[in-house]
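Labels A, B and C are assigned to the chains in the order they are written; within every chain, residues are numbered from 1.
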C-alpha cells in the first residue's frame, strides 16, 4: 500500500472542561481515504478529541481548547466554523434523526439547515444516491415520507450517516457509532465504513479491539488525554512500541 | 479551502444577525419593563409625594372630600387579608400536597391535580362573583350569630352586610389554596425515595417519615412556596375588591369593611378626579409594585437555595 | 394500637380530608356557576349587545367579541417578545445576564394585575387621552410576555441536546438550529404554553378597568373603548339590579367555558408532546 496523503493534521491540541485539562498536546496526521480508529480506555479523551476537530467541544459551557487543526493544509481557525463543519461531518453514538422530519427530509437536513435550496430533481437524486451508499435505499424506498424516527435503530444510524455524507464532507467523524446497536446492525455499519473510505476519510472512535482490527487501516491510542501511539493497524497490533499500548492490547485496562 | 460566500451563505448570515438581535432585544426589553414600570409609576404619582411626602406611608386618613390621603388603612388591610388567608389556607395546602405526594396512588393523584389546576385557573372575577353572592351572605349570617353570642349590639347592627375583611380573607384563602398546594407538592416530589424508604425500613410509620424526614428536607422550599403564595394574596385584586366593602377607615374588627392597596385602586380610580387623589392612588400602586417585586425575588432566591441544598 | 400508629392514621385521614375539602369547594363554585349561569342563557345572550337601559333582555355579544379581540391582539403583541426572550435565556443558559432575564420574568409574573392596569392607564390612556381596547391589549401583553418567556425556555430545555449537536455538526448556524430543530421539536409544548397563557389573560379584569373601560355597543375598532366578559361580569355583579346580576352569572358561565376550552386544548397538546418524546 502506498503512503496516503494527509487530510487532517492536528498540532498540539489541548482541551479543558473548566479547569480540568483532558487533552495534552495531541499531534496527529490523519491519512486521506483511510479508516483511522481512535482507541483507549474510557474517559481518556477520545470523544473530546473528535469534538475539538469540528468545534463542537467549544459549545459545552466552560470548555476551552488550544492548538491548530489543518484541514488539507488550511488552518481551520481561519475558516468560518460553519464551513469547517460542512467539510468535517460527524455521526454520534446514539442514532439521532430529526424527529420532526421524514426519512427524505433527514437525508437533506444539512442542506435545509444551512439554507441551501435544491431543485426537486437534484434533491431526489441526492436522496437516492446517498441512501444507496448507506445501503438503505431498498429498505426504506417505500417509507421515504414516514418519520425518520420510525425506522429501526440500525436503520436510523445509517440514516444519520446518509445525512452526514449527503453534504459531501472530506472527513467523517464517528463517535462509537455502533455501541448502541445490535450485532447485526453493527456488522452492516462496519461493512459500510470500509465501503465509504474510497470517497471519504474516516475517523472512528471505538472501544472494541476486534472492531478496530477488522476495519481500520490506522489506529490512534489515547491514554489519559495523551496520544501515546499512532500507526498502521497491522503494525501496532503486532508490535506496539509503547508499553502502555501493549498493556491495553493485552487487556490490562478496562 | 477558503470558500467564496455564496448567496445562500450571505442570506444565512443576515438571518443569524437578525435572530441574535431579536433575542437580545426581547431579553433587554423584559428587564427594562421592570424599570419602566417603576419610573412610570414614580413620575405619575409625584403630586401625592409633593402633598404628603414619606408620611403618606403611615398617615391613617384617607378622605377624598378633604383631599387628605394616607396609605396606612390599605397597608393594614393588605397585610391582614394576606396573612390571614395564608394562615387559613396553609394547613390545607400542606395536607393536600402531602396527600398527593405520599398517600394518593397515581390513579387518585392525577384527577386531583387536574382539579387543582382547574381551581387555580378560574379568573379572579369569578371568585368575586361567587364570593359576593354566596360567601358574603353566609358571612353576614355568621356575623349576626356571633354578635348575639358575644352580646355586641353594634356588631349585630353594623356587620349585617357581610362584606368586609373576614369575607375577603376567606375568599383569598380559597384562591391561593391551589397555588400554594401545587408549589408545596413540587418541592415534596424532589425528596429522594431512598430517604423515605430508609426511614420506613427502620420501622417508622408513614407519618413519622413525613414529619421527621420529608418535611425537614423541604423546609426551605416550603418557605419559598409560602412567600410566593403571600405575594399572590397581597396583590389579588378583583375578588377582594368585590367583597371587602371599600372601607376608607382603619378597620377595628374582622367584620369591618376595609380596603387593600389593590382594592382601593380598583374601587376608586375611576371616581378620582382631582390630581392629588389620582396621584395618591398611583402611589398605592407603586407601593404594591415594590412589595410584589421584593417578595417575588426573595421567594425565588429562597427557592433556588432550597434546590441547591 | 400505640399512640404513634393512632397519630399515623389520624394524619392520613386529615390529609385526605383536606384534598376532599378542596374538591368540595371547587364543586360548590362550579355548581353555582353552572346552575345560576345556565338558567338565564338564551340565544339572545350570545348574539345581542346589552339592552338599552331600563329594558329587559339583551346579551353580552359585545363582551364576547371584546374578549376575543383583546386577548388575540395581546397574544399577538406578546408572543414574539416572550418567545425570543425565552429563546435567549435557553440559549445562554448559565450566563449571568440570562439569569437576570429569567429572574425578571419571574418577578414580572408576580406583578399584581391592578398595577398593570394602572400602568396601562398612565402609560397609554392618559398619554393618548382615550380609553381603548388596544391599550388593554398592551397591558395584557405585559402579563403575557413573562409567562410565554418562561414556558418557551422550559420547553426548549427539554429538547435533547443530541439533536441540536447533530444540527450544528451539519454546519447549521444557531438561528437555523433554534428555528428548524429546537422550536419545531418543541412546537406542541410551546403552543400549549401559549394557549395556557391566553386562558390566563382572557380572564383578567383589573388590567381592563382603566384601559378598555367597557362599552355597551358591539365594537370592532381596537382604538375605541370595548367591553370584555370579565369586565362585564364585574360591572353587572356590582350593579343593584337583579336582572343584571343574573346576566353576570351567565357571562361567568360563558367565560369559564371559554377558559376550559383553551386549557383543554393546551392539555391535549401537552399530551401529544409527551407521546412524541416517549
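The rule is short, and it goes like this: contacts are C-beta pairs under 8 Å (C-beta built on N, C-alpha and C of every residue); 3 or more make two chains touch, one makes a residue touch a chain.
The structure presented is a predicted model; accordingly, all values stated were derived computationally and were not measured.
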Chain with the smallest distance from its CA centroid to the overall CA centroid?
-> C
Contact-richer chain pair (by C-beta pairs counted) among A-B and A-C | A-C
Using CA atom averages as chain centres, what separation in Å is found between chain B and chain C?
-> 17
Can you check how far apart chain A and chain B are, centre to centre, with Cα atoms defining each centre and the answer in Å?
-> 55
So how far apart, in whole Å, are chain A and chain C when each is placed at the average of its C-alpha atoms?
-> 48
The positions of chain A in contact with two or more other chains are 82-83, 114-115
Pull out every residue in chain B that's touching 2 or more other chains.
-> 12, 15
At which residue positions does chain C touch at least two other chains?
-> 173, 176
Any idea which chain A residues touch chain C in the complex?
-> 54, 56, 59, 61, 82-83, 85-86, 89-90, 92, 94, 96, 98-100, 109-110, 112-115, 160, 163-164, 167
Chain C - residues contacting chain B, complex = 4-5, 7-8, 11-12, 14-19, 21-23, 25-26, 28-29, 32-33, 36, 80-85, 87-89, 91, 97-98, 100-101, 103-115, 117-119, 121-123, 126, 142, 145-146, 149, 173-176, 178-179, 199-200, 202-206, 209-210, 230, 233-234, 237-238, 245, 248-249, 252, 255-256, 259-260, 263
Flag every residue of chain B that touches chain A in the complex, lowest number first.
-> 1-3, 8-9, 11-12, 15
Within the complex, which stretch of chain C touches chain A?
-> 93-94, 160, 162-163, 165-173, 176-177, 180-181, 184-185, 187, 276
What residues on chain A touch chain B, complex-wise?
-> 71-74, 78-79, 82-83, 87, 114-117
